[in-house]
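Mind looking over this structure? Questions follow.
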Amino acid sequence: MTETLSPAVPSTAQSEAPLLEIRDAAVALKSGNRTMVSGVSLSVMPREVFGIVGESGSGKTLLTRTLLGLQDDAYVAAGSVRFDGRDIPSQGYAASARKLLGHSIGFVPQDPFSSLNPSMKIGKQITEAIHLAKGWPMGAEKTREAAIRLMGEVGIPEPALAFDQYPDQFSGGMRQRIVFAIALSQDPKLLVADEPTTALDAITQRRVIELILDRSRSHGLAVILISHNLELLRQSVGRIAVLYGGQLHTIVDAGDIGTRVVHPYAEALFACIPTREKELADIRSIPGEPVGAGFGLTGCAFSTRCAHAEPICRTAPLPLNERLAPRFSACILGRGA
Amino acid sequence: MAETPLPMVELQGVSKSFARRLFIQNRSFALRGIDITIGRGEVVGILGESGSGKSTVANIVTCLTGYDGGTYRFKGRDIATFTRRERFAFKSDVQIVFQDPYGSLNPRATVRASVMESLLLHRRDLDKAGRMERADLLLEEVGIPASAGDRFPHEFSGGQRQRIAIARAIAVEPELLVCDEPLSSLDVSIQAQILELFVRMIRERALTIVFISHDVNVVRLICDRVYVMNQGAVVESGPARDVLSNPKNEYTARLLDAVY
Amino acid sequence: MFAKLWSYPKTNIERVALVLVLAIVLLAIIGPFIAPFDPLKIAFRSKLHAPSLEHWLGTDGSGRDVLSRLLHGAQLTLSATMLVLVVVVAIGCAIGIFSAFVGGAVDNMLMRLTDIWLGFPPLILALGFASALGASLSAAIWALIFSWWPNYARLSRMVTSDILSQKFIASADALGVPTHRKVFHYVIPNALDVLVVQVALDVSAVMLAISGLSFIGVGAQIPAPEWGAMIADGRSYVANGWWIVLAPGLAIFLTAVSFNVVGDMLRRELDPTSRRR
């Protein structure tokens, strides 16, 4: 049984430059220019495994896809993104970001079933990705070998045979591995996985997460793992950014959750999840309904449901993480700081 | 435990196979000779992944679907011998809450009307005013203000719709409530709310519950006993605490290991 | 409910179309009462008068007031259209809903039957009815009813099947809701959207069919002021009496287009997938 195999923040963090720096990013919808997510500032170090947690409607997928240039109906409305020492220009942001996707950032989207071409053999889908990333000079035979090797690394059984199969001949867990292989084919520095295990059963889910973590350890791959499952992240990643109502509320060490005083929403979210260790009396629900991204009010999105809320929480602007501190709490009342 | 009277539900060797055209992803959702007993007042969990057959069990217990082999005794009587009248009476003894809050309410009926319908069918003693009054009480009991009764399902959130579905189910005062993954489609913070609602109802109404879920942690929290299912068969059963901390079956052990 | 309807149009064309549809329906009802002249009264002295203050739309080859004929014709054409649609919807939906509920072999058989039936060319049927009953508006109506009902049988069967596969039907089963209640409280209310849209779109199609049949002489006969028949009648006077053809032609055109636009608008507004979750 594995407790946290803590792929922690590398100890060399202080001297090394961050791999990804997002400063005060805001995302708005193209139609109507409505701001859905705002004030997101965080940094991810090389080789770090970083988590982003948020309930549905928190804006985490919208933020991720827009920052990667994949969301057609939204755009980066404010802020800057710096990857591997280079700024992504705000003019033509989406196109520039997508170029990175081809080389240095691998993306595993939420639904693996629709991101695989059902009429193309999976081997071909992987070799195409390799070609796109590394260019043609590799030659067909070398590319095929590289693809088969990669498939073996991600745990696809009998890769040479699987190479010629079609996606619908595989189970959900296998398809997720194929998508993972495609994302890795470019040998990226950063892997972004958006809810990679929804719709998978518990055993397969654990396997896919461990696969991602193993890869990170062995290849020095930085990972951003996005999930609504706080407990999964708590056991798998080093630091967790918490999104709610389109706002970044806190960045905490996974180990601090449940042991130290943290941001009220992080605390409340953890308190309402059943885990191995808890009893029924330990579960405390959060009253009210989740607030969606773009909720349009000033102040803290969680103030309507927070047990500690004061009147100022609804009006004061939410603190931002300008200095990209590794641990941060946006609580207006300063809790969890 | 004292010698319990007749169990409420007794499935013995129940099996079900599906015709070819219902195959999904090359697996048939079959049941292979399962034995399940549910005693009055118990909260029994049926734990399994998708494809394990747990939803089929839910449908068989509520008589929404039939079975091919074995016997199903409800309160001691073989349901295959039920008369038409008994089958109708059965509907007010056993009710079900489904997983998907978005699809389980008639989009064209007001929320109060949906709850009143239960009463219309099974509480002939009540007139319309009486039904309205009871419906409002039931809505309040599940946390929906009666003033919202004239609204339609699409005006409510997922968690609220689930509450309404629960109100509709308990309106007939069932002895047994089958809950098929009632929390799985809800937001994390709402799951805890509905879980609390269930706990409260179990206590206040002395309900017998069959709780079907893939979530080990939730099952451990509210169930007295649990049946672990895998690929159409029951692989392990017993008191929830025992099974879920000291599993004897290899599949159960693997499942528990994998859960976060 | 009217307020809701009024919020649907999103462009000016749609607003105009909605107003036109309502105006046409209104005219169909009150037309005969406000018509200035007797649509059938022949007055050879006033024949082929161009539009004037006395005859707003002029007179036709037999001296009949075109405007009055148009107004009476509105009622004729539209009530014929509505009659066809009402009957077709009733029969088609009854069969379609029944088929979806029963399922299995019966369902298959009924759908094969509608398939075959849809193969009947409506025009030949119309000619058949015309020769059997004598060419008249009734013959056209019968012919259209005969050929149109399978469309609604298939549509309602598909919609009902969709509805029956949803979880709230399982919930109804768990409650022991009897079949008749399921049909009237579960299926029909949820099928209305789709049906209403289809009917709105079909209005122009049926109307054009009826007018068309009258035009070629198989439907309403002159001197009935049915719009298609009016065009047929006015054919010979196109050179010196263009208003005789233009008026009913324009009327048909505007009615067809505005019902189509409204139908499309309804389809967009009532589409459940666009409704807020």
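Letters are used for the chains, namely A, B and C, taken in the order the chains are written, and counting of residues starts over at 1 for each.
The criterion applied here is as follows: contacts are C-beta pairs under 8 Å (C-beta built on N, C-alpha and C of every residue); 3 or more make two chains touch, one makes a residue touch a chain.
None of these values were measured; they are calculated from a predicted model.
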Pair of chains with maximal C-beta contact number: A-B
Chain whose average C-alpha position is farthest from subunit B's own: C
Distance from subunit B to subunit A - Cα centre to Cα centre, in angstrom: 35
Rounded Å distance between subunit A and subunit C, as computed from the means of their C-alpha atoms: 55
Distance from the mean Cα position of subunit C to that of subunit B, given in whole angstrom: 48
Multi-chain contact residues (two or more partners), subunit B: none
Contact footprint of subunit B on subunit A as seen in their complex: 1, 55-57, 171, 201-203, 205-207, 228-232, 235, 268-269, 272-276, 278-280, 283-287, 289-290
Residues of subunit B that touch subunit A when the two form their complex: 25, 49-50, 157, 159-160, 187-193, 195-196, 199, 214-218, 220-222, 254-255, 257-260
Of subunit C, residues touching subunit B in the complex: 166-168, 170-177, 185-186, 189-190, 272, 275-277
Subunit B residues touching subunit C - in the complex, by the definition given at the top: 62, 64, 88, 91-92, 94-96, 98, 100, 102-109, 117-118, 121-122, 154, 165, 168-169, 172
